[in-house]
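After this come two complexes, each holding chain A, first together with chain B and then together with chain C.
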Partner chain A sequence: MKAKKKSKAKVKAKAKKPAAASTSSYWAAVSSTKKTTKQRIDALSRLPAALCEDRTKFNEVLAILRDTTQSSSLRRATLQIIQSASFSAPNFEVCRPDYLATLRALVTDPDLELRQRALGMLAREHDGSTQRLLVDGLEEPSRAVVPPEKALQLLGYDIHTDVYAIARKIAANPPNEAARIEALRLLGADTASVPMFEAMLQDKKEKVDARRLAASALQALVPDKLQGYARDIVQDETDDDDVKATSLTALTDLGHAGTVSDALYQSVDKIRSKSKSTALKQSARRFIDKYRR
Partner chain B sequence: MNVELFINNSALPRTRYIGWAPSPCSIHLSNLTGVTGPVTVELRNKPPAKGGRFVFRRTLTGPSTTTLRLVLPAKGAAVNFFMLGQFPHASFADRDAVVQVRSGAHVLLEVPLMVRIRKNANLLGTAEVSRFVAAFATFNNQGLGRFVDFRNMHVAASSPEAHGAPGFLPWHRAYLLDLERELQAIDPSVALPYWRFDQPAPKIFSLGFLGVSNSLGTVQFSATNPLQFWRTDGVTGITRRPLFNTTTSGASVITEAQTFALGTQYAPFSAMEGNPHGNAHTSFGGSISSIPTAARDPLFFLLHANVDRLWAKWQRLNSRYNAGQLASFGPTGTNRIGHNVNDTMWPWNQITAPPRPSTAPGGSLANSAVATAPGSKPRVGDLIDYQGVVAPAGRVGFDYDDVRFA
Partner chain C sequence: MALSEKEFEELVDGLKASADGRERLAGLLNETHPVYAERAASAIVRMRGWILLALGELGVSDRELVYVLEELDTGREPYLVAAAARALRSYPNLGGSLRPHLERAQANIRYRDDALRLDRYGGYADTPPYGTAMAELEETLRSIDTRAESVPASGCCCGSAARASGSAGAARAQPATQFQDHRGSALSFAEAFVGRPSIVVFFYTRCSNPQKCSLTMTKFGRLGEQLRARGLDSEIRTAAITYDPDFDDADRLRQYAESRGVHLDENHRVLRPVNGFEGLGEYFDAGVSFVGSIVNRHRVELYVLDASGRVARSFQRVLWDEGEVIEAAVREIAKTPSGPKPPDPPAARSSASPTTALLGTVFSVAAAFFPKCPMCWAAYLSALGVAGLERIGYAPWLLPLFIALMLANLYSLYPRDRSRRRRVAFGVAVAGALTIWGPGILLEIPFAPLVGAMLTAAGSFLAVRFRLTAPAMTAHPSGA
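Entry: the complex of A and B
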């Protein structure tokens, strides 16, 4: 009986071993220069829960991320896996300072994708040095580490009043259209930009995307005024269909029945039956369904 | 002679929403003029049943039938029974299912209701998408609405309440339930859909639904989509850059089958917090890829609805509804606060003394017209028996389109 119990115990112990052996072999594969990139990425993907349990091994993984001689795909996969672990590893907080320090080292990395992703992660953590770097790059383009539109987008994770000043400058004198749009998005809570957005919305020569952004900003900043503009735009037969559709959406979803005159209702009903634009007809239908008389 | 029908213990229209789990109902005679004795009635789905379908049970554990014959006492006493959605026939619109009560050939009463179910977002109809985005946009109200509280519940300071410990799944289940109930206060026909992240989802990532990302990662919406007015933290719009082709592939996650294979006990199964959950988040650049900002993107809630659906499906596969069993939750009593079966959960417990976060946005968990559980200050364990399998009073009032009642 004792011999049977002993051999059962041995079988159990043997059954436990493979799991521990696998984790060790995955760690070894991650660091091994003899494995292919694919094998190393696969080994990494099997580690997320264990990633932060061993600080020494975690720092080895961070070293891969910092090592510009490693392949881009391995470094990017490493970044994603560490980021994934940050969502769940019970003791990730212990590893977080080293993780953030590594991200800061990547903000001037030669790999643009890694740079942008590291900057994004730091910006979302409200990292002060990252914000200063992004603002600096906007003020002096020769020092920029990412394109201006990307810098503006990342600054949107932590809006400060000093960001408004730069965004206003870029909105007025943009290096490119993408940067202008991102600057306008940032200014969506800037009360000083209301006159600019009002002029933009009413300018039929302005780009449609900018006018729609203006509508969105005004709906947040001066909602009653935007509702008034929207009513005028909808009843203007010469205005752009997409701007009209955005206006109708604002009236339907963010307006109220008390402001819907008979003239407006009839105007929208006419759009619903006669417009050649599918989007405009759809938004008119929603309006009529909500304010049906 | 009339009859009155109570669904979810009420005759009010706002309670006429059922799922796959049995809803308590009753019926009684009212206006007893001309009533000389007991009256036999038959309840059924009014044909043609084009939308949701339902069945009846005379008792909670009895067989389900498509019609139910009841004898109603002459003096008006109520007769109890149960109604439940007939799996998998969920409604497409509010009140598209009708209970018809007949006495012989005479129709005494017709009551419209909805079999309201959380569905795969990529398979929703146009009207369903429209109602959902409209309700969500109204809830956000250009950054001024109650959604601010939900955004502020999921930040770096509160992360220990919700991540990295056994309460991860129950906390997020409560979070989604609270949000869904708020959406239902705006439009009761809305149920939170899920993003099946291991499959392509081109309809979700479209201009009319959760938007299409440009090369920068700024999400674009059609001119008819009210989400174009979405604002969080004072900034218009959503930043989301897929690192995979949303039209042709799923996110970089393990499959559903691989998720269930993590283990039949809760402890190993909860490793899904890393993959597929963490991997789904980090299959993007942008807000959804970091804990402090993830809830700024409405996609977050559909992502977590799928995480929750995976847990619900795993529960059914393994009969894991009893919070007192190790297999259903794992060791308890020595975990971090907020992660033991009997712990109340922040922010709904409104506790702001250490080690809890210093603020508790949002107040108590929203009430529901269709269920009393899990209460305004739920405990971790209250979210495990979500269908009321172990205790009928534990039913919280949601179901998934591919997870039938246990």
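Entry: the complex of A and C
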């Protein structure tokens, strides 16, 4: 039994850290153009723990990323593996500047997926040059490196950007519906956009997705006001089921018993027994469970 | 936006050659400078980094040192921290006292470092060769070591020179700002800050730099603890004011503060200006800039106000020391002219003073044992051995008087805050009064008046005790 445990532990140890000899063979395989893409990716995937131990070798891996003649699958896999390694900040400390510089080189890469992923990683770091590139693309679409909805999504990682005015313009006059939704999502951090979201939530002709986004934004920006709108929506028999369900969730999760009138309670009880929408019925049930009288 | 970043870069380059360049560059580092309005935070990083590098070329003097140390202490952007580290090497009194700032910067930036080109405006690099913030910090630390070896101790005054603390400025009219506190109560500037010295900090809950707002509020919590430990919490008020009042509602403010160990009550508040933020900013000369409704840059700042609400001392940019701040506020207590203090806000008013509680107890006991007929009156006095019996008449009107006073006692004990202990004291006193009134006076059950009187006395005693020990209790909310 003991022997079995020991051998299991050995296997585990081997899996965690490859022996020095095998590490060097993996490194060799990663750089070898004679190996197939699959073999190179396989070798690379065994190295994350050792990836930043040797800065020269790490730069060889980064060179694969920068090299547009390498296969897309190898480059994408390489980026994914380096990203995994970067999560261990203390082990990755020395390599981080080289990694970020390489990501910056990829933001204009011909491979759209690689480009978007690099932009995403830099945007999460609130990288100034990336933000400027994305804003430039929104202002002048011919210079855009990604579609406007993607640019807006990435800019939304940092609330301290100067993109709100552009987002408001896009929300009012969007190139497509996805861009409009992303613009609204981004504006959800902007207190100056509260009147716009209030009007949107109350407008029954507005698209359901936009109204639900408006509800989320108001929840973050003016939670007390949203509770009032949510009560009105729930009691309005002509309003949309999805918007009602969102409103009920807000009332259940973030409201309090003092604001639940008898009329509201009865409306929700009626929804629970008579609504045809399963999601709405479920929301009503949660509400009744919380405020049961 | 009047100036493009390219134009700003050229402006800074031009100032390097100008006779008063250093002074004007330092002026550009003020957060309220219009050049920062409506810019992205990342653009401000590029701009300020370029100014610091320019100052480094001209040579940083004592006056600009605080801007350099501010970035080292609280900076999270590698470009700015690297620029500050490089600029510091030009400071003539570079010495060991600056080492802690560099070490703090190393800790802040270690896992956030980046590839930098400090020879370029906003120089984040995408191709080698490049430097890093950590390399710049290490080089500056080496410079300190080298100078320490080559130059004998210079009696560096860097630490004190760098402290951006100021004393009272010109008197300004109080702003017409209206606040809402963490409980949702409304109050004016005068209600918040006039009557006692105050300590004021600024912050906002959406701040993404943990070395600024989050740390400020944690230190603010520790400052409050020290005030309570020294018994100064009723003499000195504290307030943390948000830069982002549209977003930071009362609930958010309370949660943010309490999660950082800030004890809140009627003298120690978190405030959101519901109107008149501009006037408030001007009054304090607050170092903050905005893009739309969102803060894009701010400094660390703390103010000590005198009892008239005037700024007596300020601590800016470099993280303040709690003890030093308290000493500054204590000096303001000493300067406060003695006289009646303004009344506390209603919630803060005491619900039972020792005197009223004692009198109330006496009256309750008197009501309990008051003789209910002329014969009882005579018996009482005889039992007590009073001479001249015929000269003291029976006075039944005293009974309703004692009952009225007993009710007044209960009113004085009524808890006007949410203190559980005061409610308990009130409950005990009510039980005593009911025992005196029902079983004692109406039913005339023996010993009921005695039990009632004891309960009333216990209730009054507890109320007084809780009032006297309240500050000590709040000093250690955890019970530690």
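Here is the rule we go by: the second predicted complex is superposed on the first by the 271 of 293 C-alpha atoms of A that agree within 3 Å, B and C clash if a C-alpha of one lies under 4 Å from a C-alpha of the other, contacts with A are read in each partner's own complex, and residues count from 1 in each chain.
We take it that a residue touches a chain if its C-beta (ideal position, glycine included) is under 8 Å from a C-beta of that chain, and two chains touch if they have at least 3 such contacts.
Keep in mind that this is a model prediction, so the values were computed, not measured.
Of the two partner chains placed around the shared chain by superposition, chain C is the only one that A:Asp98 touches, whereas chain B remains out of contact.
Contacts of A:Asp162 after superposition on the shared chain: chain C is touched, whereas chain B is not. When the two complexes are overlaid on their common chain A, residue A:Glu198 makes contact with neither chain B nor chain C. By the touch criterion defined above, A:Asp109 reaches neither chain B nor chain C. Using the contact criterion defined above for the overlaid structures, shared-chain residue A:Ala189 touches chain B and also reaches chain C. Of the two partner chains, chain C is the only one touched by A:Ser129; chain B is not. Between chain B and chain C, the partner in contact with more residues of chain A is B. According to the touch criterion, the shared surface of chain A, contacted by chain B in one complex and chain C in the other, consists of residues 89-90, 93, 126, 158-159, 189, 223. Against chain B, the residues of chain A that register as touching in their complex are 45, 48-49, 80, 83-93, 116-117, 120-121, 124-126, 149-150, 153, 156-159, 178, 181-182, 185-186, 188-189, 212-213, 216-217, 219-220, 223, 241-243, 245-246, 248-250, 252-254, 279-280, 282-283, 286. Partner chain C is touched in their complex by these residues of chain A: 89-90, 93, 96-98, 100-102, 104-105, 126-129, 131-132, 135, 158-165, 189-192, 221-224. Within the complex formed with chain A, the chain B residues making contact are 130, 134, 137-138, 141-144, 156, 160, 163-165, 168, 216-218, 222-226, 228-229, 231, 233-237, 239, 243, 252, 271, 273-275, 277-279, 281-283, 285-287, 289-293. Interface of chain C with chain A (complex): residues 38-43, 45-46, 79, 110-116, 122, 124-128, 130, 132, 206, 208, 246-247, 249, 251, 291-296.
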